[in-house]
Structure formats: structure tokens, C-alpha cells
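Each of the next two complexes has chain A plus one more chain, namely chain B in the first and chain C in the second.
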Partner chain A sequence: MSTRLLEDHGQGGADAPPALWDPIVRISHWGVAAIVLANGVFNKGGGTLHIWLGWIGMALLALRLIWGVIGTPEARFSAFPPNPKAALSHLADLVGGRPRDYASHNPAGALMVYAFWAMLCVVIASGLVMTDGVSPMRIADQQAAVAAGDWSVLVTEDDGAEDGNSGEEAGEWIKEMHEIAANLLLLLAVLHVAAVVLETRAMRRNLVAPMIIGRR
Partner chain B sequence: MTKPRTTSGKQRGKPAALAGVLVIQSVAAVFFLGDSMSELWHDPFSRHSLFEAVVVTALLAGLAMGARQLRQTLQTLRTQDAAIATASGALAAVIRAQFTEWDLTPAERDVALLALKGVDTADIATLRGTASGTVRAQLTRIYSKAGVSGRAQFVSWFVEDLLVEDLDPADPDPNSPGASESLAS
Partner chain C sequence: MKLRTLPLVVTLITAPITAFALPEVGAMIGTNPTDATAALAAAGCDVTDFEAENGKIEAKCIETASGELFEVAIDPKTGLVTNVKAGD
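On to the complex of A and B.
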């Protein structure tokens, strides 16, 4: 009689995605989403706020990538390796009927995640090049100095040394890259939202709740 | 009656707070790093740079430790939840199996489960929309099928196992393998 309670009752749903993503995943997800939307749609100009938000986005991305190595099991890269073949078969499952469960992002979602990260890296890197990697704090310092009448802070060592023509050309090219990558990010976001809607219907499961508060 | 069997809300808030601090820390670290990078790069051994290097190191170390702490907290919470889920799932399975073994009718199973949960006879009648006389009769049949004298013994029939399992590790003589079996039989 005493062994009855020790019988194996199977850990049902061990392969299901988490009922609630961990806080780092959630904060970085919504933080980056808000920043991409803000900087890509409402605040395109490249002003001080644009740069501030970009730097915050860079911090969130860095934290998420570190979390991908040392974080919770489902947040680690090893839980959702990029696998185009599996992604295709998942999409086929999605069309054909009820797809199976995965312990982390599904293979198609995983590809989306890596695409997002790659595009974010391009946007952030090109943005840094466009601003010479000057941090928002330094920009604020410069603006304060200019406001006080000291224009000399705007002259940097690079300005004189650089070959005007090719530098400008490279600058245009970087700017182009920044804009294209940003537009691709927005396109990916639209695709991502559409995929979540489709998947929610096919799986008959709320996929959004685990990313917010995680009510089952 | 339907209180959620998960870890308390107070403990739930801890990872969220830790994560919030971690996010602010990493934003601060990236901004500070970006701000001091050029200085560190151009003049790595000036007093100012050395000081900034110390601050950067401290920030990064704090970040790493915060992340580790957060992961451990999340892991602890999950282990606790899993243990509770396993225990309650296991208990539910045991109860179901035992009800079948006792040959309870569907109505009796309902009543028996409510009785196990501590709902009193009048409330069971209200919940099931029957007379309390009916419930009393059903309870009597359940007790006789289970071979127990009343509700207290009926409940302890299921609790007994848990207590036996709990006492096992404290067995004063671990070298006698037959001890737990003879206790439980």
C-alpha cells in the first residue's frame, strides 16, 4: 500500500511550451517590440530620443542574448536551435492539421526569433556607425555645451582626417542599410503577429498569455 | 474551495523584481560602457580610465550574479510547483483508482470526492441539487463499500499513505528492509 503513491503518473505536458515565459524573455520581448515600433514608425527622424531608445534596445538585446546562454532552459539557444527543415515540417503540420508541441519556440518561431535578432544587430550596428558610437549621455553633454555657447565640442578628431567624398558615400550606404533593415524588422513583426494569430487558431491555445501574465 | 495550488503571490513577485533590476542594470551597463569605451580605448592606464574599468567590472559582475540569482529563483519556484503538481496529481490518481476499486457509482464518486474535500453534507446536497437525506444515504453506502466507520476514517484512509511515506526517512533502523512494508500492510 505504501508504494502506491510513488507510482509513476507521468509528467504530462513536459514537452509543452512554458505556461509563462520567464521575466527576462517577457521584458526583452515587449521592450524591443515597443522600441522597434516607436523608432521605426513614430520616431524615425534619428533625434536624441531615437538614439536613447536605440541604446536601451541594444541593452535589452544584449541581456536577452546573455540569457540565451545562462538563462532558464526554455530561454536558451540550445532549446530552439535554428533548423529550417524542422521549420518547414512544422509549417506543413500547421496547414495539415494540429501541429505538435515544442518545449520552447516552435522551429518556425525559432527562425523568426533569429531573423529578428540578426536584423536588430544590423540596425543597432549601423545606427552606432551613423552616430559614431557616441552615447546618448555624451550627446546630452554636447547639447548642453552647445546651448551654453561652446561649439567646439562638435568638432571631433575624425572630421578633418576623413576623406570627405568616400566618407560621405559610405555614410549614405550605412544609412540605407539602417533603413532597409528597420523596414525588414517591421515586416518581420507583421509576419510574427500573423503567425501568432494562425497558430493560436490551429493549436486552440492562447499563445499570447504566456508572454504577458501566463494564465493557463 | 478552489484555492489555487501554486506558490504564493509573494514569492511570484520576486523573480519579476529581480528581472526588473537586471534590466535596469544592463541598460545602465551598456550606457556606461558606451560612454567610457572611447576613454578606455584611447588612454587605458590613466587614473580616470582605471576607475572606470573598476566600475565596468563591478557592473558586469553584478549583472552576472543577478542573472544567476534570477535563474536559481525561477528554478526553485518551478521545482516547488512541479512537486506540488506531481503530489496532487498522484493523489488524484490514487483516489480515482481507489473509487473504481470500491465500485462507486458516478454519483457516489462525486459525493465521495466532495466529502474528501471537507464539504459538509448540507453543502454537498446544495451543490448537487439533491436532498441532504439522499447525500447521507450515499455517504453511508460509500463508507460501507470502503469498509470505514465514518468520514474521519474515510479521509484518513487516503492520508495514511502520505504519512507513511513521510515517516520512512526517519526510520530509526534503516537496515531493516521489511520495516515499512510491515507498517503499511
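On to the complex of A and C.
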């Protein structure tokens, strides 16, 4: 593989991951990572900031999913199809100290990506249900009104429809689902970081650099 | 201890608990902060803050007997308690 080819295409070759992932992949990767960490660990659930970050995360996920169809070759879903058998084979290669190169995410990494996106969808969908899909701007207005003593802003025309225990139980169930999925996201993130460290050592190649500014 | 005095002793021991029991789900608290603060104070929980959360009012209050923080969810339309849980 010549240096010129690397420069021309920003890739390590047909059977090597990109030397620098494209901007959409990098922005969505780090943006979602920061949001998952912030919303899962640091800020208060249900708060204005939490909901703002959730909506930004939803936009980044949507962008990345669209990019999976129309984006660069290595970013497309077709470049890293979910394949559990291939993932196991890759892990066996890794343990055996002879991991192969792949043009996009390796099969184990691909499974992680799809699991992460699926869990992100659960978190976002349950969050939207919990907030009735109310925009972050309106949530901020409601918070300010309640802080000023006006509770009427939370009363809506269709409030009667969900009154009673069943509505409350459903709400609690959705909240539980949101929290469990968010915790699973954090667990997947920890596994992802551990896998990157292991693979970086096994392949003697920095896997983080291509996700930031590229390999030097 | 004589058996006849036992009910009195039990009553005296449990009186502070029964007099200041936190409101149960379904209890009327009020549809504005003034009424809700008064109702929760009467139940032995001093309100520190009200917040909007998931379409409900969440009253944060400290139980005077235990000093423990509780979160009481209130339906803003009906004024009824929809959930009570120990705070974070």
C-alpha cells in the first residue's frame, strides 16, 4: 500500500480501516459519546439540559443512520453488516494474536455499533414518550413557569385520557426501560473502550487516532 | 408491664409516625404550590422545591421525623399524588 494511495483516499487500503474516518462518522461518534456520558452520569434526568442533549443525540443518530445509506464507502451499513459468526471468528483471531484487517468496522466492532444504536433508539424513544415529545424549548418554559409557581402550564387538553393507575404504571414502566437502556449504553461504552485498547495492543496500531485527526 | 397499659404504650410510641405519615398515592395535595406546601407540611414533609418532570409536578420535601428527602409526584390538573419515593 503506497503512501500516495493513503493520502488520496484517506484509507489504509481495500482491506484496512480508514486512516481517518470521515467527518460525519467522527462528529456523530464523539458527539453521541459525550452525550451518553453527560446524560448517563453527570446531569439530572428530566432536566432541561438532559432533554436538550437527548434531542441533539437523536439528531446525531439520525445523521449517522442516513450516512449509513448515502455516506462514504466505509461508513455505509453494507461495509459492516451484522454477522455474529464472523464476529466470533474475529475474536478468536484476536485471542490467537492474528487479527485480520477490515475496510470498515471489524465484525465484532460492527455488532457493538448495531447494539449501541439499537440501545440508543430505545433510550431516545422512551425519553420522547416520557416527555410527550415536547421540545426542549417548551420544557425550559415549563420549568421556568413551575419555578415561578404556575402549574397550569403542565395541564393539557388530553390530560384526562391517561389519568388513573394504568397511566401511572405505564409511565413508571417506560421510565424503568429508559434507565435500564441508559445503563446498558454505559456498559456497552465500557466494553467498547476495553475492546479498542485490546485491539490496539494486539494489532500494534492506534485505533483511536483515525477517529480524531488520523494516523500520523 | 400490665396488659392494659400496652395499647397506651404502643399508641405513644407510634404517635409521631402516624401523625406525620407521608401522603399516599391518590391523596389530594393541591393544584398550586401554596396548597401543596401546606398539605405536605401537615403530613410532616417540608417542601424545598417544586420541579416540572414528565408532565407532573415533583415536590422535593424533607421528612421532619427522619430528615430523609422524598420526591412526591403530583398531577398538576387534579392535585392528586401520583407517586412517592425516597429522593436521590
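The rule is short, and it goes like this: the second predicted complex is superposed on the first by the 188 of 216 C-alpha atoms of A that agree within 3 Å, B and C clash if a C-alpha of one lies under 4 Å from a C-alpha of the other, contacts with A are read in each partner's own complex, and residues count from 1 in each chain.
Methods note: a contact is a pair of C-beta atoms (placed from the backbone, for glycine too) under 8 Å apart; a residue touches a chain by one contact, two chains touch by 3 or more.
This structure is a prediction, so every number in the text was calculated from the model and none was measured.
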Which of chain B and chain C A:138 touches, first, second, both or neither: first
Touched partner set for A:43, first chain B, second chain C, both or neither: neither
Which superposed partner A:71 touches (first chain B, second chain C, both, neither): first
Which of chain B and chain C A:146 touches, first, second, both or neither: second
First, second, both or neither for A:56, with chain B first and chain C second: first
Greater chain A contact set [chain C / chain B]: B
Partner chain(s) touched by A:172 [first = chain B, second = chain C, both, neither]: second
For the chain B and chain A complex, residues of the former touching the latter: 15-16, 18-20, 22-23, 26-27, 29-31, 34-35, 37-38, 63-64, 67-68, 70-71, 74-75, 82, 86, 89-91, 93-94, 161-162, 164-165, 168, 180-181, 183-185
Residue numbers on chain C that touch chain A, as the complex places them: 25, 31-34, 50-58, 75-78, 82-83
Contact footprint of chain C on chain A as seen in their complex: 46, 130-132, 139, 142-143, 145-147, 149, 151-156, 159-160, 163, 168, 171-172, 175
Of all residues in chain A, those that touch chain B in their complex: 1-2, 4-7, 9, 11-12, 22-24, 27-28, 31, 55-56, 58-60, 62-63, 66-67, 70-72, 133, 135-138
